[in-house]
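Take a look at the structure set out below.
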Amino acid sequence: MVYLTRRERFSSAHRLFNPDLTDAENDKLYGKCANSNWHGHNYELFVTIKGEVQEGTGVVINLKDLSRIIKEKIIDKLDHKNLNLEVDFLKETIVSTENIIIAIWDELELEINKINAKLHHIKLVETENNFAEYYGEKE
Amino acid sequence: MVYLTRRERFSSAHRLFNPDLTDAENDKLYGKCANSNWHGHNYELFVTIKGEVQEGTGVVINLKDLSRIIKEKIIDKLDHKNLNLEVDFLKETIVSTENIIIAIWDELELEINKINAKLHHIKLVETENNFAEYYGEKE
Amino acid sequence: MVYLTRRERFSSAHRLFNPDLTDAENDKLYGKCANSNWHGHNYELFVTIKGEVQEGTGVVINLKDLSRIIKEKIIDKLDHKNLNLEVDFLKETIVSTENIIIAIWDELELEINKINAKLHHIKLVETENNFAEYYGEKE
Amino acid sequence: MVYLTRRERFSSAHRLFNPDLTDAENDKLYGKCANSNWHGHNYELFVTIKGEVQEGTGVVINLKDLSRIIKEKIIDKLDHKNLNLEVDFLKETIVSTENIIIAIWDELELEINKINAKLHHIKLVETENNFAEYYGEKE
Amino acid sequence: MVYLTRRERFSSAHRLFNPDLTDAENDKLYGKCANSNWHGHNYELFVTIKGEVQEGTGVVINLKDLSRIIKEKIIDKLDHKNLNLEVDFLKETIVSTENIIIAIWDELELEINKINAKLHHIKLVETENNFAEYYGEKE
Amino acid sequence: MVYLTRRERFSSAHRLFNPDLTDAENDKLYGKCANSNWHGHNYELFVTIKGEVQEGTGVVINLKDLSRIIKEKIIDKLDHKNLNLEVDFLKETIVSTENIIIAIWDELELEINKINAKLHHIKLVETENNFAEYYGEKE
């Protein structure tokens, strides 16, 4: 069992905002991250799959397939976009790093199963000081 | 003559957009960077001053002073802000990396002169693949 | 279940030294790390907590709370300090990366429990070639 | 139980190539990685061992011993070499990242056991976008 | 006058070898870099151009044009190739970092002039410890 | 004319302290950097030489010679040492980044001249946010 990781990147605008709260409550909860004029980040996304090495090829999967899936399903939809306004799979979501990473997992899991790999771990780096990780563990 | 560099960081939203052009022209010129819903970046700002080492202290300037000036004049105004909408010294500016770096130079130069240093060089990193530099050379 | 990591940094002096051994024995055991005049490092500390995303906020915890706890309990006590001489929670300890990381865990665990998160993992990077990790596993 | 990681580096030539396939099949499978004139990488190897802190020394193992083993068993054999042609423990192997990492594990495991540590994890970084990991899990 | 830098990357095989010398002389001169079975690197190429900000666009040049030129003229020819055997503009050259960087300059200079920019500086990183820079200064 | 850079690293203890000042004055001037129990850093040293490519070898100098000089003259004397107490060429010096870099220049210049290269630039990185540079410019 070997684990393979592919890194992709996207640059997006977002804000932390709960529509059920007042502006004052949002400001208190999220501080400058609630700025109504948006801010943005260069995100780094690390997608790790696991599987067994195929005897005929010496690889678990063709990394180009993994890269293509991540680009089509995630990067093309998030890069140079507004995460609150423009992403189909983030509608009605508070776009925290936590919620983004869970939504990315749900987008990728089925597609990755199709290339005979198993999605194992996602890491989403928001700044050099903050990142989130997810293993698909539901409550 | 020694050169000292201080790095600071900010995360902002922006778009490339020339109000004198049509939407179609902006799209053609700037591509996805013209997205009307904004996108954003983690910027890294490197400010380099030069000066002679002071005999009594062994340093050119107190780096805390340089850091304080950069924070007050630049970071507090740009971090978690929309560069097109919320920054006094970027009003009426196409907020390209080139124009941001020139505007930052103009904000910092006088303040840094007051601490007996000379602003030498600014580097603004937009992504790991793109950065701009400026030495204050006017046309 | 999502995992969140906050990085903080500190720069400290230390030496590896066992007071029960002779100087020659310490030198043989630790080499240049036993230098009686001290040496030092820029340490990077990665603290990972785990928890469930809160529905009302979209986040597991407020990262500012985590950052504040790490700063008050760890960084303020270690940064620009001598790890052998000046840190209350490292008294009587051989200040190896291993022992520092266990001591940091013990300092943080209770405080992090108070913000409804669970301390999951600590990583302490001493140089670009060496780091230690700890999951709170006691013998 | 503490986990210690040592990073070492090597720069090597290789190609992905299955001798049981035709050139056209290799090209289709591996793309530019099958180039018969070779290409190469700067690899980063992270070796993680786990163990308990020894009371007398405050460390799990002497990191110099770990570094020496990795250099003698791995780096000296791979650095500035052709991975397809010159490495005894990679003979008859398709030198994918996956197969290299498994082979490195098999080379290191016994040697690391001799210094009272347990090999826990190996990470092999091929480019800034691709890396493999292995925990010794056999099918 | 603003300076803009674009980073691109390539992974290649090469060896240091002077055909006018004996094998023993090559070995003595270049050590392990002369290995007749090749070795390889992940190279990072930083290309810096300089120019004035265009009033109508707010940018010096369109970075996509610079990226396209570097890819067509350099990366497509070097990436996953053997620098000694397969690169038209490196024929008859000892493929040291120094000679590669001069050859890249000569390939890029004319093309970059065509997009109204001036090639200013090239940096070629061979490993994290070694890099070369060139400003087009001929003897 | 090509510029070649070699990076080396050292980890040292130091404090900022002017013996002509009182403790209170030192504290006011240098803050936590004046801590009488020392602190420390992982320093990165980048040494850049310039020269013309030698026709017979394709290189400006043999980088191993440059690395050897830096190690013998600088790293062996600074690594795992106390910069205030143990370094012959830093005696009577306030060991600020500025003064260290000038002293390193003076140590290296003559030695590098002997290998037919010209010392061009030194960069000393103290933390990821602070570094100094020197070109040998005397007042």
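For reference, chains read A, B, C, D, E and F in written order, and residue numbers begin at 1 within each chain.
As a convention for this text, a residue touches a chain if its C-beta (ideal position, glycine included) is under 8 Å from a C-beta of that chain, and two chains touch if they have at least 3 such contacts.
The shown structure was predicted, so the numbers you read here are calculated from the model rather than taken from an experiment.
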| item | value |
| --- | --- |
| Minimal step count in the chain contact network, chain E to chain F | 1 |
| Mutual neighbours - chains that touch chain A and chain E alike | B, D |
| Chains touching both chain A and chain F, listed by label | B, C |
| Far-end chain from chain C, centres as C-alpha averages | E |
| Taking each chain's C-alpha mean as its centre, the one farthest from chain F | A |
| Angle (degrees, nearest 5) of the CA superposition of chain A onto chain D | 120 |
| Mean-CA-position distance for chain F and chain D (Å) | 34 |
| Interchain centroid distance [CA atoms averaged], chain A/chain B, Å | 29 |
| Touching two or more other chains - residues of chain C | 128 |
| In contact (per the touch rule at the top): chain pairs | A-B, A-C, A-D, B-E, B-F, C-D, C-F, D-E, E-F |
| Residues on chain D engaged by chain C in the complex (per definition of touch) | 1-8, 48, 52-53, 56-60, 62-64 |
| Contacting residues of chain A [partner chain C, same complex] | 16, 18, 20, 29, 31, 93-99, 101-102, 128-135, 137-139 |
| Touching residues (chain side chain A, partner chain B) in the complex | 9, 11-14, 32-33, 35, 37-42, 79-82, 85-86, 127-128 |
